[in-house]
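The structures come next, written out as structure tokens.
Here come two complexes built around chain A, the first alongside chain B, the second alongside chain C.
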Partner chain A sequence: MTEVQASRTPFVQAVLDAEGAEASEGTGIVWLDTARRENLDAFLATGLPEGRSEAWKYTPLRALAQRAFAPADADAARAANVDAAVFALPGVTGPRIVLVDGVFRADLSVLDTLPSGLRVEPLSVALTLAPEPLRFALAARHRRDAADAFLHLNAALARDGVVVNVAEGCTIESPVHVVYVATQNDVAWHARALVEVGQGGHLNVVEHHVAIGDANALGTVVSDFVLRDDAVLELVLIQDASAAATLVRRSHARVGARAAATVHAVELGGALVRHELTAELVGEGARFDSRGVFALKARQHIDTQMDVRHQARDTTSDALWRGVADGRSRGVFRGAIVVAEGADGSDAALSNKNLLLSAQAEIDTKPELEIYADEVKAAHGATIGQLDERSMFYLRSRGIPQVQARSLLTLAFCRAALGSLPNEALREHLGALLVAHLPTGPAEA
Partner chain B sequence: MHMLKIHNLHARVEGKEILKGLSLEVNPGEVHAIMGPNGAGKSTLANVLSGREGYEVTEGSVLFNGRDLLALEPEERAAEGVFLAFQYPVEIPGVNNTYFLRAALNAQRKYRGEEELDSMRFLKLVREKLKIMQISDELLHRAVNEGFSGGEKKRNEIFQMAVLEPKLAILDETDSGLDIDALKQVAEGVNALRSPDRSFVVVTHYQRLLDYIEPDFVHVLAGGRIVESGDKSLALKLEEQGYAWLADTHPELAKAELAGDRA
Partner chain C sequence: MNESENMTREVAAPVRDNAEVEAALNRRYEAGFVTDIESTSLPPGLSEDVVRQLSAIKQEPEWMTEWRLAAYRHWLTMQEPDWAKLEIAPIDYQSVSYYSAPKAGLKSLDEVDPKLLETYEKLGVPLHERAKLAGVAVDAVFDSVSVGTTFRKELAEAGVIFCSMSEAIREHGDLVRQYLGSVVPTGDNYFAALNSAVFSDGSFVFIPKGVRCPMELSTYFRINAMNTGQFERTLIVVEDDAYVSYLEGCTAPMRDENQLHAAVVELVALERAQIKYSTVQNWYPGDENGVGGIYNFVTKRGDCRGADSKISWTQVETGSAITWKYPSCVLRGDRSVGEFYSVALTHHRQQADTGTKMIHIGKGTKSKIVAKGISAGRGQNSYRGLVKIEKGADGARNYTQCDSLLIGKKCGAHTFPYMEVKNPTAIVEHEATTSKISDDQLFYCLSRGIGEEDAVSMIVDGFCKQVFRELPMEFAVEAKKLLEVSLEGAVG
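What follows is the complex of A and B.
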């Protein structure tokens, strides 16, 4: 059947076993079945990336490779009792699509009164109705490299996901709430999202990861965001997975001429989390802004890999990220900006500042800048520091207890990344989430 | 009972002894000025009293209303009623001035077992106190001290004092860096807060602040101890003669200490 790597880890063996059990069940869509088969082969051939992979250097997967994840139980996912309160967000009322353990849940979703010009549906339904428009994205080939193992895995195994379309010239006021809920233990679930904003269209999306209980599942989500010329996308990513979760995501934005994508990301939960956020600025005057905060504690490991490619003239990107690490956690941030040949007049800025709250915490940050064009403005910087002793004493001298002073200063530090979020109710809520997540105990020596 | 009783205080900074047996007693309602050359230990005294880290007390005691002040955390001292007006107020980007002050007041009230103020009652209090300090509303909406001028920072210190209503206020070189108009405004604020049950320890290098905040007692701090005490005329004498005359009455003080060298 398939070419399998010599040393088969429990992780890979579990994927193979699951595939055997599912046998030859196809979708009847030839190109899709082929793409899934090819991606599975690619995954089985390479396995998970190992230490020598540059892209995974700071996120070792040795422990993950020893775990065997069964496929998520679709019937259990459909039957799981999920209280809507777990994903309720102030300032976010409107269309909602919910996937539980990778399975669409109509009962939790709100899709019956969509504004005109907006289409939101589960991938499984879109594939039944009209698969051909999805072919380009779902049959895309990825390089056969262990670094992209999760892309292959997702392409091979994702059975559902989210399709969002905004028609040309349509402005959708209320944000589309895309919710991924994890409920099961020791399983792997996968979801695929395809979002397209037509020419001159305007869309807000809130991608939201939550969990019921302390589910220790592996989740993979691969999302494509396509912005046609003059389109606007405001994307908010809220990662509030369970403390035991493993979550690997790739979000890719393709930004057309004069179109603008803005991302606000808050990474809070998870045991092992990786987010690859990539953007291609393909049309003249395209813009990509990203703002993000990752706050870690205990033994969390959160890795954000941002990759922005300026491929057309007069394109702009601005990235402002903040990281906070406490306990024995480890944060990784890599921000790479490439200004390709011909992308003259581009403007790229990247700032990543980090705060270490404990001596055992670690943050690795690596800004990278490659410029092959002319008349480019580019600035990048990264810092790692501690809470300012003078500020701490100032607050305490006014009567604010040490724990509260630490929390206040840490939140102030993170606020630089959230302050530009236009949705005030949501902004306040994210601030409160951060406060709740941030350490409350005294500094470890 | 004395409000503040400092007895034979010795303190080190980075292994170097700065305070060498300082004693001082302050009663409710009194204003004490502490003057002295640079490096005499004036700011060290202010920092030791407010509990800043990095100051090691090796000997002596400090009682505040009968309690061992040195055993308390900085926030506990504040809640007990000790307030330090900083020589260099700290800028804290991202923390709103009003939010900060309400958090501080409520933390103190909670410590004392008093009811915390909701935002309505707090704003009412703030409006009353703003009048005293002639501070514009606009400063309240900014981040703590961020982008404030030197005068605005010092006025903000006194404004915080007005809201927190301490029993003992320590002013650490509050006059430094202020022009005469700003100095007058700050002094007016302090004077408005004088009361029979509130005491002040005013640390200053120059006599001119004392033209506006009239002290009950003036002490000269040199070589880590208080070497002279008197009424406000002592300040005038220092203004006229400098600190060098102390060498006549205190031969144990090295010339360098009186000249203000930190060597």
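What follows is the complex of A and C.
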């Protein structure tokens, strides 16, 4: 029997109601069914994190807990009419894997001409062909804590996802485009991604969230990125979900010796969005760079939680995050750097700058340092403020109207996070997306 | 005044002249003031009856008893905070005596641990002080009143009230009632609620309109008896255009068990008033292995109620096994200013989670935070600070700087700044760095014939300069020496 301790909020009740139908279709893989069952029990026992949870301090889930999400309809997802134009990206023309409402869509994906050394397939296929290599990731145990409720929910309910492998020493030039499309209303969909870059391998991934119409679904995505020694991963995260969407993601990178992971994240859409980005630098000389920007308007709530753990000697991390909040939005950023005992020679830096453009908006930021080694360089800085008056004056004095000057400066502020993106076409496109998304009206103040 | 307190407090204006002090001490001693101690002690444990009894012993008015009881009832419904980065052994609140007389301790200085005496020697604490600090049951410990009264006349002429909290409750009841709990409400947090229920004494300062307090006021706290907690309560009210500088020092004898210290300090600054509050905290930190030491769980908050008021906190935290302390400013008045300067040192197995909160409510409010953390041995030192800009705080400004210095491989230095901004005209900035004493710096000093320990203490002193500058002179000297003593054995 499932032990239900959490208060029966409509959210929890909906998961419980769906349980019967889910349980009936076991996978036949014993360890996987067990893991799913355990995770479901863990979720039902803790429920969603509540107000006192430090990890969710700035992202209250009271309203979400009152909503009931049915499981996404797989048949409808397979039949949904999705125009490939919604996820077309300049500079991203290689292999593509598309999941609609958490269900793999072969017709939208491009997986037939993969370069040698690269394997891209949906999780559902990988599980039928060779499930054993996935066991370590899929049967991993998580602490039973409400703060990790979505992790449990995803592990229990994700039926499909993405598996990407790069063989040892292979360099894959064209980026792998991983697309998550949401089309249905009032449903919850879940997807699991497992990406591994073999020793000395080189991979580009573009994770892309889009929506058809105004889907107000809840989506959860849990992604693991494993970089073996000397591997290189360039990851671009583009979140352009519908304005009504709720999206909770956890991306975890495990970086081996001398390997380097670089993340560029652009958060545009969604009503309630949370991204937990964690990196473990486990090998000597590992490196993790992250660049990100969120641009919020209306009543959007976007929360980015970054944790970088230096666990080996001579590891490096550098983070540069920008945020803009307008309207009645709320932007949340937490950037934690942990240098473990023995991780001497670590060098960690984090900068988080935010623009608050409206009297009804709010920005909460919390850079953290936890240092347990002494041969270390660690620094962080964070600011919350407005556009520089002198820059504004300079532009105005050259005849640029206020509205345009504001938008120019805001864009310049945001683009600092994209400047290091090597794919030029993509960089330009993201810049244009930002322009379209950024506020253009006059300052309210 | 009841002298029979478990903690021994001294409410004293600055000691200007040793002879004067000596005279005052002797006079008090000759008077043979040791009162009926046994009869006033309470058994360990906490209940409504204990709170009532405590209030009765202190001959408090009815409203005070009710206030305490309300706090106690609230406390029962609360949970210990667990968000701090601290490992706290469970505290049995029923094993603490909330009001007990000092037990007969050591009889003379000869019985005191020589290591402790050596420390005091280095600090330059006068002999009679040393005896007191070591926890020897010398009668002179009850000297507070006499010394206090020496200056009280001078203070009274200026219109300043400076007395113990018990006395204030009896003699200035209306004032106390008006302000007590108005900055830190009884149910503010777990330890503040506990304090409100059982606080045994503390100081009360009232500076009337337009008065610049003619001298720096100071209080020395110490915990004397075993198995006791200390819960003092300080309330400082500064009226319009008035000013006060207040110093607080803390010491405790060495004990093997952990002792709880849960104090509450409330500051109220009215229009254009200024309060400067300096603390040198040197509670017993426990030994090298983390045995014993004080749990220092303190709530300090200042309320800039009037426009253009200013509250400045300066703290040097070298003692205590565990420190949980966030001196805060509520910047309510327009253009009010809050400042926080802190040096926190953890050595051996000390843990500190300390910082500040700056709550900007009024327009044009400003705050500045400078926090320096030093970790050595297996110490864990965390800065935790909140800067909150409310909707109406147009043009608010904050600048925060946190630096951590690591000495050794096993220690930890952490920074947790929270920034919450709801006003688009505010500017909030935070910077933090973590580093160790660089080999270059050390080599430079060593090559000039400066010993390693001296070199480290010089470098540490330089690291802390920005904060020490804010301390009154005598305290700055003491603070510097304290750091030297506390860091002994940290290198090499």
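One rule holds in what follows: the second predicted complex is superposed on the first by the 440 of 445 C-alpha atoms of A that agree within 3 Å, B and C clash if a C-alpha of one lies under 4 Å from a C-alpha of the other, contacts with A are read in each partner's own complex, and residues count from 1 in each chain.
Keep in mind that, in the parts below, a contact is a pair of C-beta atoms (placed from the backbone, for glycine too) under 8 Å apart; a residue touches a chain by one contact, two chains touch by 3 or more.
Only a predicted model underlies this, so the values are computations on that prediction, with no experimental measurement involved.
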Chosen between chain B and chain C, the partner touching more chain A residues is C
Go through the superposed model and pick first if A:396 touches only chain B, second if only chain C, both, or neither. first
Exercise. Once the shared chain is lined up, is A:408 touching chain B (first), chain C (second), both, or neither of them?
Worked result: first
Worksheet item: Now for A:13: first (chain B), second (chain C), both, or neither, which partner does it touch?
Response: neither
Would you check which partner chain A:368 touches, where first means chain B only, second means chain C only, and both and neither mean what they say? second
When the two structures are overlaid on chain A, which partner does A:34 contact: first (chain B), second (chain C), both, or neither?
neither
Note: in the complex, chain A contacts chain B through residues 388-391, 393-402, 404-405, 408-409, 411-413, 415-416
In their shared complex, chain C is touched by residues of chain A numbered 54, 58, 341, 354, 356-359, 361-386, 443-445
In the complex, chain B touches chain A at residues 50-53, 73-75, 77-79, 83-84, 86, 89-90, 92-95, 100-101, 103-105, 107-108, 111, 143-144, 160, 164
Seen from chain C, its contact residues with chain A in the complex are 83, 85, 389, 391, 404, 406-436
